[in-house]
Amino acid sequence: MAGVSPLVRLLPVMLIVFVLTLAATGIGSSFMPPERVVAALAGQGSRMDEVIVWTLRLPRVALAILAGAALALAGALLQRVVRNPMASPSVLGITDGAAVGVVLFLWLFSDQANNLTVSIHWQPLAAIAGAAVFGTLVIALASLDRGGSKPLKIILYGIALAALAKAAVTLLIILGPVYRASQALTWLTGSVGAAHWQDVLAVGLALAAVMPVLLLQRLTIRQLVLDPQSAAVTGLSLDRAQVCLLAVAVFLTAIATAHVGAIGFVGLVAPHVARIFHGQFRSGYLVSVALTGSFLVLAADTLARIIAPPLELPAGALTALVGAPLFLYLLVKGRQSHA
Amino acid sequence: MRRTAIALFLALCAAAIFSLHAGLTFYSPHTVFAALMGGEGADALIVTTLRLPRTAIGVVCGASLGLSGLLMQSVTRNPLAEPGLLGVNAGGALFVTFGVTVFGVASLAGIGIAAVLGALAATALVFSISASTGGAGNPATTLLAGFTVAALLASFTQTLLLIDETALETLLFWLSGSFSDRPIGLLQLGLPLLVVGAIGSFFLATPLDVLRLDDASARSVGVNVGVVRLAALGLAALLAAGAVAMAGPVLFLGLVAPHLARRLTDGVLPSTRQLIVLSLLMGALIAVLADILARIIVAPGEAPMSAVLALVGVPMLIHLLHRRKGLAA
Amino acid sequence: MPDALASLVRVSAAYDGAPALDEVCLDLPDGRIIAFCGPNGSGKSTALKVMRGLHRPDAGTVQIAGRALGDWTQKDLARQVAMLSQSPDAPSDLSVGDLVLMGRFAHRSRFGGPSAADRAACDRALDITEMADLKGRALAQLSGGQLQRAWVAMTLAQDAPRIFLDEPTNHLDIAHAFELLDLVKHLSRSENRSFVIVLHDLNMAMRYADHVVLFEKGRIAASGPTTEVLTQQIISSVFGIDCRILPLDGLERPVIVSWGKASNTGVSA
């Protein structure tokens, strides 16, 4: 397998995501077989089919794919920066920070009649602000703290602040207007159900904006697996690299969280799955991570629609249902073949 | 160290006594004393049937979780380990939810037993998975497997509850984790588990001290690393299962209590034996304090325990992390 | 002195809160093998880290290769000075080849794969350390000695004219230790590279070093050509041991023999 080019390794995941896209677009209150889906996508289906595909289902599918990729990438970057396999946007308090931003936003800017007094388009900004505040707090606390191992400190402070953020969200929901509570709760579980093309565009643009940074930092991201001293000796500006990549991770998490809510687990597990079946030191690792994330959220959302119709569950409730067995299987299989 | 332990114990007693007085209405010591001595009337009823049980359950739960967290952290050498990562909370919640939605379990005792069974089943699953990936020898794998299993089970629970909304209403109070409105009879389940756990931990204290070294060094001085690790994780699971049966999932306490205990003593890291005592006391103290706060901060409502624990525990943790240099795991 | 490897002026530094270097002044010549020796906690490792910019001194100035430490960019410095730290760490599923390639970080272009020069440097480093056959192995599958050699290969791949090694013989048996130091000597003589090595074993320092710096309690007890520093009197006073320096037939340098803590009676066994 060593000689196989990275592209060939990526093909199976790409294929799976593609097939799943067709299936997810076809599945719904009225089932559409793949050939009609393809026809509608190509602009040659019936008018009805095209409306269903283009305005109802495709935005949802696309949002799931993009948000999954964004969260997975954020997780992979964090695991490298912190040098801890347990790192992920939610463990470090970034997801919960974004949640605080959004709940605070809903709380401050809604009137008695359950209407927002400002445009909903400000919500992503609130999420980014919340995520950035909590992300910065974690880093600031860890860097003010001179002793001990820094990566470990970052995670400890992250867990602590995540708990604080969760508490703040809970209390805001309890203390805030009741009519906002249920809305906030749905959002907190994470769902792509209410997707519009503008959500897709926003997350897509964020990913596109991050791409050049990731390409330029390709070697840096890889170098970060060394212990800090060895990495610094090879010429890596450790602090700068860490801050830069953390900022990218915070940005990706915040954008994704603002548009699909607090979908958990993807950021933790997608990098591990990609590591086991792609290899974390092969080129194309981050692509593999992104595709795995896309797969997880898309599969979770598809499952969420068919598990108890006509009820649609939030995708965030099911990412673990899809991802956990896959990861556990790979974990058991991978280790055994190693030993 | 002895002075620290005594100070903690006194603080715990004071907190527990205060807990009997505090709430929606504050009672005078006279009223509380009369109630405890078998007094009659509404006030006495509130003290003996509401405040006494929740205080007692808080103490036992907090102590169990504190000790459970300590065991997990020592055995996995990972300061981030906490009972929830063994799947205890998730397993308990799933079994309880299953019991309520499918078998129509309604009594609190039934819920408690379902919780213990679920907690132990989940732990067994985590263990067997980490064993099949190369044994308990790799703590990182155990944690990852635990985290994943917990997420998986939580996902099942959430799905069940989303489909069956009435079950959600029945269970919300249990799932949010709290010491209030729990029958004192649950102590018959939790207290023995705590005693077993504490005694067992004392037996394991010496090998656990050695386990602070790397595995190879520990083995070379004659510690059977695999057995000690399995035994300690088993005890941790039992302790946490007792807590989850009594109070529902209580997060964060198991993580924070041992850290606080470790940082209470000056100078070198205390021995495991000392840490056991300190973690028990610290866990109980935090639990009782958090419970008091939960009654007060959003009165007349009742604040969720996890939120209060975070509000109390996080600033303490950050303060202590900052005060001490280095991070002794 | 244009050809100074490093110069420290009144450098003080603390390590883990305890003072480790106390107003150290030191000039190190280029193109030599320099050994840092001294008892545990005497400040030799801290001095090495300060010189490589890994540890910020509390006071004093450090010049490396003729320029103040703060004036270097990370990558420029990395191209000038490589270092192998005491307990390096990388993921166990990393392959030896990938590890060695990481040594090329400061040389590689941001775009595309490794250049011909990168590949050549890696191959040469693998050849010199005799790790070429193990290139595809994961670090987890290496023995302690092989692992250390993999890290040495990574350090060599960095292609720096100056190399710092912090107790490089720690995990090696005596044969591998000699092998490594022979390699150092070879590189120093044939390619005129400078080495600064923290060494515990005084006999190794005696045999391989051109220049020895002896640390004692955060200060420098002696610094100069090896045979002038490693004398019976200086060693006895710095380490507090009884020893004798004996010439052996056929060896260029004498050996140090010690038999116990210092006593005033001389040979007691």
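In this document, chain identifiers A, B and C correspond to the written order of the chains, with residue numbering beginning at 1 in each.
Assume a contact is a pair of C-beta atoms (placed from the backbone, for glycine too) under 8 Å apart; a residue touches a chain by one contact, two chains touch by 3 or more.
This structure is a prediction, so every number in the text was calculated from the model and none was measured.
Q: Would you identify the chain whose C-alpha centroid lies closest to the centroid of all protein C-alpha atoms displayed?
A: If we average C-alpha coordinates per chain, A lands closest to the whole-structure average.
Q: Among the chains in this structure, which pair is joined by the largest number of C-beta pairs in contact?
A: A-B
Q: What chain lies farthest away from subunit B once each centre is taken as the mean of the Cα atoms?
A: If we average the C-alpha coordinates per chain, C ends up farthest from subunit B.
Q: Which integer distance in Å separates the CA centroid of subunit B from that of subunit C?
A: It comes to 50 Å between the two C-alpha centres.
Q: Roughly how far is subunit A from subunit C, going centre to centre by Cα mean, in whole Å?
A: For subunit A versus subunit C, the centre distance works out to 44 Å.
Q: Need the CA-centroid distance for the pair subunit A / subunit B, whole Å please.
A: Each chain reduced to its C-alpha mean, subunit A and subunit B end up 31 Å apart.
Q: I need the residues of subunit C touching at least two other chains; which ones are they?
A: Subunit C, residues with two or more chain partners: 16-17.
Q: Considering subunit A alone, which of its residues make contact with at least two other chains?
A: Answer for subunit A, listing residues that touch two or more other chains: 147, 338.
Q: Which residues does subunit B have that touch at least 2 chains other than itself?
A: Only 325-326 qualify.
Q: Quick one: in the complex, what on subunit A touches subunit C?
A: For subunit A paired with subunit C, touching residues are 2, 147, 215-216, 218-219, 222-223, 225-227, 229-230, 232-237, 279-281, 283, 338.
Q: Which of the residues in subunit C end up touching subunit A in this complex?
A: 16-17, 52-54, 74-75, 77-79, 82-85, 87-91, 93-95, 98, 102-103, 105-106, 108, 110-111, 113, 136, 140, 151, 154-155, 158
Q: For subunit A, which residues count as touching subunit B in their complex?
A: 85-86, 141, 144-149, 152-153, 155-157, 159-161, 163-164, 166-167, 170-171, 174-175, 189, 264-265, 268-269, 272, 307-308, 311, 313-314, 317-321, 323-325, 327-328, 331-332, 334-336, 338-339
Q: So in the complex, the part of subunit B that touches subunit A is made up of which residues?
A: 79-80, 129, 132-134, 140-141, 143-145, 147-149, 151-152, 154-156, 158-159, 162-163, 251-252, 255, 298, 301, 303-304, 306-311, 313-314, 317-318, 321-322, 324-327, 329
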